[in-house]
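In the two complexes below, chain A is the common chain; its partner is chain B in one and chain C in the other.
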Partner chain A sequence: MKIKVLKDVLEANNYIARKIREELAKRQAMMINIIGSPGAGKTSFIIKTIEVLDVKAVVIEGDVTSDIDSRKVASFGIPVVQVNTGGGCHLNANMIDLALKKIPVENAVIFVENVGNLICPASYDIGEDFKLAICSVPEGHDKPFKYPAIFEKAGAIVLNKVDLIKHVDFDRDTFYEGVKTLNPKVSVFEVSSINGDGIEEWGQWLKSQFMEKINR
Partner chain B sequence: MHELSITSDILDLVLCELAKKGYNKVIKIDITIGDLSGIVREHIKYYFELLSRATPAAGATLTINYKKSKFRCESCKIIYESCDFSFLCPVCKSRGTLVESCASIYINSIEVE
Partner chain C sequence: MKIKVLKDVLEANNYIARKIREELAKRQAMMINIIGSPGAGKTSFIIKTIEVLDVKAVVIEGDVTSDIDSRKVASFGIPVVQVNTGGGCHLNANMIDLALKKIPVENAVIFVENVGNLICPASYDIGEDFKLAICSVPEGHDKPFKYPAIFEKAGAIVLNKVDLIKHVDFDRDTFYEGVKTLNPKVSVFEVSSINGDGIEEWGQWLKSQFMEKINR
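For the complex of A and B:
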């Protein structure tokens, strides 16, 4: 006998994600799911952003193992929760649900640093307000073509380490061609977490998104 | 890379449907995967064989359909699917824009007895 199912395989995850989104709206918090390769500069970018943000901020650090990044974040006096996946290649909504119980997030911007990986985290809704794709110029201009899912789903894109652009083979036109094909309206921010270029502009954009949400 | 957890979710959903309908064995599972899901179908088949052992879905045939996203050419306006890993229009080679994203993984139907 044939039975019609017509169900999204990720429905169990998506159900928890919807609950998180509702809860964060009540608590007037905004959550950003930051997705990039290992070494894209996610942790430094988060710290630099919080330095200019002028809004309460907390961090959820996702890694397969270790607490290296969360110790670095904590050393700046930023509240942080570590989530270790123990081998898993992405954070899911259940992990975030548990992490959110460990930290006060009222009126805060929550930065979730996902496991360093451009593929798997793109598939999982964790209840975020938007996904942020971050890549850096030494990784090459071909990232949108090789990992289209995250560039298509991103609510914002950050191109990090632009201070290195004259030292590496990075073609802006090719990069933007890929981005605009997949996600024509997305905002792209070119930044350097080392010298601070572009961080102020990105921080202002983020703050405006946050204010818009809590004043809605 | 996340095919193991995806396959585990597929198996959970299938066994849940089987129990709800009161049948004993899964014969066939029909799935659709979007090209932007980042899923490798061979890995799903491999993990399914491992995870379904000693369950009522053991030995079931897994049919995986592949759905491709669609782009609209900015120049000649045709709708096309990406081919040979290029996002460019296959006719005039201009840049296109994504108009239909296929990033989901769905179970369409199961056959049971």
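For the complex of A and C:
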């Protein structure tokens, strides 16, 4: 008998993440791991996306504590599971594995709102199809330079709250310089969850990614 | 001979933090541990505060990577030390211990800008006199409910970017309800580092805390 020894926490996490990825492929589902600072506007962005996305969608809400966001999502009639980390600063694959048992995900896009944190969640594979980095205009144009890991790993980047750009000091050129240095080919979407700008374009891109996956 | 065994990382950290606290008391210095999300406006707030603070001031800049903020601070002629965590999501006492060897802190207020993260830094004592939680209006009024640890532990709370309040959905009553539930006696300062609102009042409070400490 061979005994499998898991070297460390990350290896155990990655093992579960791989199992999730296989399972989601079988169930024709796509999972997005949405990572951004507190207050980047993750929840509103998810709700706005689902409004335009012509595909079944479910949400997994990660938070240190509280169910504020999952109640907000549920109020729009969207199926949602809350995951509280109890102080933990990121979601891990085990939490997602348990959450996926509580919600029907066949043929769905699964939006995972990670804990509000631009650093730690970038290191954990949760079985997602891709990580989405979301930052907002009031946070400033220097975020890619200061938190490079998530911008480097992201499969898509969203710049939220573009409706505020006239009220704050935000230099698009500097922002894009940071993004393109770290992740030259990534798609970037400028959106406003308040007035809906850019949501349609992002939703179409997302749907095309989903259709490509399930028709493979 | 007795051998001191340090039970865990946090105990080792707290041991160094206590030593720092003793040392700073001897040197008549006060240290503030400034904790907020990426983009809360920590650096500009520190610079604006030092402009009105009629006391010697130095800065320790914590960042995952990059020296963007310390160059900004230095451009105002303020003594500053950069600490890069190399991926780490918070400062610890050992990093501060090393940084304090590089900068003269006698009779000074030491502003420590922690890594942009509203979760992990709350758990680490770095030898500070108090933790300052800083959040900004565009992040939304629900931050105390969603990231309670730092709001509970803070010796002062700053609500930054109040100049943007007319452009976003921010309910002061909800914000203060969260703060007062977690930390009933804490002083809260509403400021704008852009137009200077509230900085004078906050600076006077800070100076009074400093004078109280060094005259004890």
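Please note the rule applied: the second predicted complex is superposed on the first by the 207 of 216 C-alpha atoms of A that agree within 3 Å, B and C clash if a C-alpha of one lies under 4 Å from a C-alpha of the other, contacts with A are read in each partner's own complex, and residues count from 1 in each chain.
Definition applied: contacts are C-beta pairs under 8 Å (C-beta built on N, C-alpha and C of every residue); 3 or more make two chains touch, one makes a residue touch a chain.
Predicted model, so just to flag it, every value in this text is computed and none were measured.
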| item | value |
| --- | --- |
| Partner chain in contact with A:C89 - chain B first, chain C second, else both or neither | both |
| Which superposed partner A:E152 touches (first chain B, second chain C, both, neither) | first |
| Touching partner for A:I68 - first (chain B), second (chain C), both, neither | second |
| First, second, both or neither for A:I78, with chain B first and chain C second | neither |
| Touching partner for A:A25 - first (chain B), second (chain C), both, neither | neither |
| Partner chain(s) touched by A:V186 [first = chain B, second = chain C, both, neither] | neither |
| Chain B versus chain C as contact partner of A:I165, first or second or both or neither | neither |
| Which of chain B and chain C A:I119 touches, first, second, both or neither | both |
| Where chain A meets both chain C and chain B, residue numbers | 89, 117, 119-120, 145, 147-149 |
| Residues of chain C that touch chain A when the two form their complex | 37-39, 63-66, 68-69, 87, 89, 115-120, 135-136, 138-140, 142-143, 145-149, 161, 164, 167-168 |
| Chain B-facing residues of chain A, complex | 1-13, 88-90, 92, 117, 119-120, 122-124, 145, 147-149, 152-153, 177-178, 180-184 |
| Interface residues, chain B side, partner chain A - complex | 1-2, 5-6, 9-10, 12-14, 17, 21, 23, 31, 36-39, 71, 85, 87, 95-98, 101, 103-113 |
